[in-house]
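Look for subunit A in each of the two complexes below; its partner is subunit B in the first and subunit C in the second.
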Partner chain A sequence: MDEVKLRCELGVLTRPDGSVLFSEGETTVVAGIYGPVESKINKTLVEKACVEAYFRPKSGLPGVKDRLNESMIRNVCEAVIAVALFPRTAVVVVVQEMQNNGQLISCALNATCLALLNSGIDMKCMYAAVTCFLDRSDSIVLIPPADEREIKGSFMFVFDSVEKTILASHTEGSFSIDQYKDALSLCREESTNIFNFFKKALTIK
Partner chain B sequence: MVEDVNENTTVFPGEVIKDVKAVKGVTILGPGLKRNEDPPNTLRITRAGKLQFKPPNIYWVSHNHKRYIPKRGDLVVGIIVKKAGDSLRIDIGSGEYASLSMLAFEGATKKQKPDVQVGDVIYGKLLNAHREMEPELVCVDSYFKAGKMGPLSNDGFVFTVSLGLVHRLLDPENPILTALGKVFPYEIAVGMNGKVWVNGRNTKEVLTVLRCLETAELHDDKVIVELCRQSK
Partner chain C sequence: MSEQYKILHPVKYYRDYLAHNIRPDGREFDKYRPIVVNLGSISTADGSAIAKVGRTTVVCGIKAELCQSKAEAANEGFLIPNVELPPLCSSKFRPGPPTEQAQVATQLVADILKNSECLDLKSLCIFPDKLAWCLFADLICLDLDGSLIDACMIALMAALKSVRLPVIDYDPALDNKQANLEHRKPLNITNIPSSTTFAKFDDKIVMDPTVDEEDLSTALITIALRKNELCFVHKPGGASVTDEQLLKCIDESQKRAIVIEGIVETALRSLQ
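Up next, the complex of A and B:
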C-alpha cells in the first residue's frame, strides 16, 4: 500500500516559542506554540496550565467545523502536556490551515505535536494522528481517493507514543464494526511510521 | 521503551531511562526529567533533546528553548513595565512578571529610593522562583552590595536570543565575546532569561554585536571567531 508522504520544517516562525510547517500528503498546516505565558484572569486555573487552541481556516472567519478541530486539538494537547508543572499560566496553540486534502485534523494534530516538541515544553509523551478512508470498494486506504464521492467513511485516531493507546478518535460516514477494527489496526501500524518521522525530524536539527 | 544511558543520545518525551547512577541514593535531576514511580529507580523524559550526564550522578536534557522558566539564583535582564508604590513589576520574559522591591537596591532606604522609570532595564538576581508564586528579583547580594547588579544604562540596547545561545555565551571558556572584544570595546549583560543588553561606543558597533550574536544562533563558535579575526 502507498504511504502518505510526510514533510516538515521546524522553527519556521520567529515569534512563537515553537513552530512547524507540516504537510501530510497534500494537506499542509503551520502550527505555533506560545507557552507558558500569562493567562487571562477569567481562564486561569489554580492547579494547572490552561490550554487554548486556535484553528484558522484558509480563508474567512473560523466556523463551526473549525471549533470542532479546536476542541479536539485542545483536548489532546491538555492530555499530553505536563500541565501541572505550570499553574496559573496558559499554553496557546495556533494552527493555520494552508491546504486541505482530506486529512486536515490529523495533519493539524501532528503539526501541534512537532511544534510542542520544538518549543521544549514538558510533555508526558508524544502523540501521532492517523487518518484512513473507506472507499466504494470497501477497502481501507491511507491516501484519500482523488474523487470525494468515492469516500464512504473516514476514521481518525490519535495514539500516544508509550503504550500506543487511543487518545482521541473521530469518525465520519457509515461502516461496520469489522471495518472500524480494521481501520484501527491499520492506523496503529501507521502511527509507528509517524513517530519515526518525528524522531528523525528532531534528530537532524 | 528503554534508552541506554549514553551521553548525547537524542531522547523524546515518554521514554524511560533505566539503571540510573546514584551516589548514596541521591541522583540530581536537571530540566526535562521526572522521577518515575512505576518501575522504581527509573527516569521519565519530558522534553525532546540531547540527554546529558555528568559523573557521578547529574542528569539533564539539553534543548534550545525560547521561553524562559524562572529558576532561583539566576541572573537576569528585565524591563520595568509598572511602578506600583514601593515595588516594581519587571518583564523577564517568563509567563509572569517578576516583582522587585524599591528597597532591594544598594543603599536604598525608605526616603532615598533609586531613580528608575518604566522602560528602564534592570540586571538582577532571582531571589525566589517557584511555580506557585510570582518570581521575585533583587539587585543586592546577601551582603547588601550591588556588585554588577542594578539599573543598566539607557544608552544600551536590549534584544532577545535563544536560551541555548545564552548558555553558550556564559560558558567562561567560550571564545565569542572575547574575540569580539579584541575588535572593539563594548559592554554586555547576558541574562539567563535570554535578554541581552549591549552598549558600545556608537550605534554601529552595538549593531555589529547584535548581528554577531544573531549569526552565532545558527553557526559554530569558530565561524564567529574567524569573522572577528578577518575584520580586525
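Up next, the complex of A and C:
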C-alpha cells in the first residue's frame, strides 16, 4: 500500500510563537499558535489556561461545520497542553485551510501538534491524527480514492504518543463494528509513521 | 450536609459516589435515564415531537416548504436541522446569536442524519430542478440536563416519522402547482438512528450523563447507530480512552439503540 506523503515547513510565519505549513497527501493547512497570552476576561479560568481554536476555511466565512472542527482542535489541545502551568492565560490556535482532499481534520490536528512543538509550550504528550477511508469494495485505505463517489465512509483517529490510546475519534458514513476495529488498528499502525515524521521534522532544524 | 459538600468539593463528592459503584442520582454506571416521547404536540407544524431523556427536554417541530432544488443536486430536496439552546434551558446561555455548543450540536445532528441515510433526499424532490420539499427541523431545548444529542435525535426521528406531506400536483409547462391537502403521505424513513452519550471520569465511563456529570467529566463520547451498523463515533478530544473502553461503549449503545427504536415505534403506533 502506498504511504500518505507528509511534508512540513516549521516557522513559516514570523508573528506567532509557533507556526507550520503542513500537508498530508493533497491536503494542506497553515497553523499558528499564540500562547500563553493574555486572555479575555469572560474566558479566563483561574486554575488553568483556556485554549481558543479558530478554524478558517479556504474561502468565505467560517460556518457551522468549521465550529465542529474548532471544537475538536480545542478539545484535543486542551488535553495535551500542560494547561495547569499557565493559569489565567489563553493559548490561541489558528488554523487556515489551504487545500482539502478529504483528510482536513487530521491534517489540521497534525499541523496544530507541530505548531505547538514549534512554539515550545509545555505539553503532556504529542498526538498524531490519521484518516482512513472505506471504499465501495469494503477495503480500508489510507489514500483517498481519486473518485469521491468511491468513498463509503471515512474514519479519523487521534492517538497520544505515550500509550497510543484514543484521544479523539470522528467518522463519516455508516459501517460495521468490525470495519471500525480494522480502521482503528490500521490507523494506529500509521500513527507510528507520523510520530517518526514529527521527530525527524524537529531534529532537522 | 451532603448538599454543602457537593458545592464545596464537587469532584471529591462525585468520586466518593463512583468508588461505591453508584452515581449521585442512584444509577449504576451502565444505566440510562427513562425516555419519554410525545408525538404530534404542535398542531401547526407538519410534524412534531417532544423527547425527554431524564430531565433533558427537546421539542422538535418540522416545517415543510416548497423550494427550488440546488443546481448541483437537481433531484434532491433538503432536510435542515437546527438546534437551539435558549437562555431558558440553562444558566450557561444568554440571549443572542447561537452559542458554539448549539452550533456544534446542530452539526452533529446533521452529520448523524447524513451518515445514517435514514431519509433519501431524492424522495423530497417533486420535479427535478424545479420543485422540491425543504424540511426545516427546529430542535429547541427546554431543559438541558446532559446528553443533548441523544434527546435531539429521538425528538427529530419521532417528528420525522410523524410528518405527513400533502401531495403536490405540478405542471412544469405552466409552472403551476396545486397542493392536495386532503391527500397526505408519510416520509419514507428507512431506519431510526439513535445516539448514546458516555462521559469519562477518572478511568470510569458512565452512560447517559447528567449535566453535572458532563461538566465534571474529562471526555465525552457520542455513538450513533442505525440497526446494527455504526453511523457515528464521535469523541472530540479530552482524556484518552483505551480500545476496550471504546468497544464496550459501542456494545452498550447497541443495546440502548434497540430500546430507543422500540420507544419511537410505540409512540408512533399510539398516534395512529
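Criterion: the second predicted complex is superposed on the first by the 205 of 205 C-alpha atoms of A that agree within 3 Å, B and C clash if a C-alpha of one lies under 4 Å from a C-alpha of the other, contacts with A are read in each partner's own complex, and residues count from 1 in each chain.
In this text, a contact is a pair of C-beta atoms (placed from the backbone, for glycine too) under 8 Å apart; a residue touches a chain by one contact, two chains touch by 3 or more.
Keep in mind the model is a prediction, meaning the values are calculated, not measured.
Contacts of A:Glu189 after superposition on the shared chain: neither subunit B nor subunit C is touched. Once the two complexes are laid over each other on the shared chain, residue contacts for A:Ala168 go to subunit C alone; subunit B is not touched.
Using the contact criterion defined above for the overlaid structures, shared-chain residue A:Asp160 touches subunit B and also reaches subunit C.
In the superposition on chain A, A:Asp138 contacts neither subunit B nor subunit C. With both structures placed on the common chain, the touch criterion links A:Phe86 to subunit B but leaves subunit C unconnected. Contact with subunit B, but none with subunit C, is seen for A:Pro36 once the two complexes are overlaid on the shared chain. When the two complexes are overlaid on their common chain A, residue A:Glu9 makes contact with neither subunit B nor subunit C.
Touched by subunit B in one complex and by subunit C in the other are residues 160 of subunit A.
On the subunit C side of its complex with subunit A, the touching residues are 100, 103-104, 106-108, 110-111, 115-117, 219, 221, 226, 228-243, 246-247, 250.
Contacts from subunit A toward subunit C in the complex involve residues 64-65, 67-68, 70-72, 74-79, 153, 158, 160, 163, 165-177, 180-181, 184. Residue ranges on subunit B touching subunit A, taken from their complex, read 1, 10, 12-14, 32, 34, 46-49, 63-67, 69, 94-97, 131-132.
Taken together, the subunit A residues at the contact with subunit B in this complex read 16-18, 34-38, 82, 85-90, 117-126, 160-162, 198-199, 202-203.
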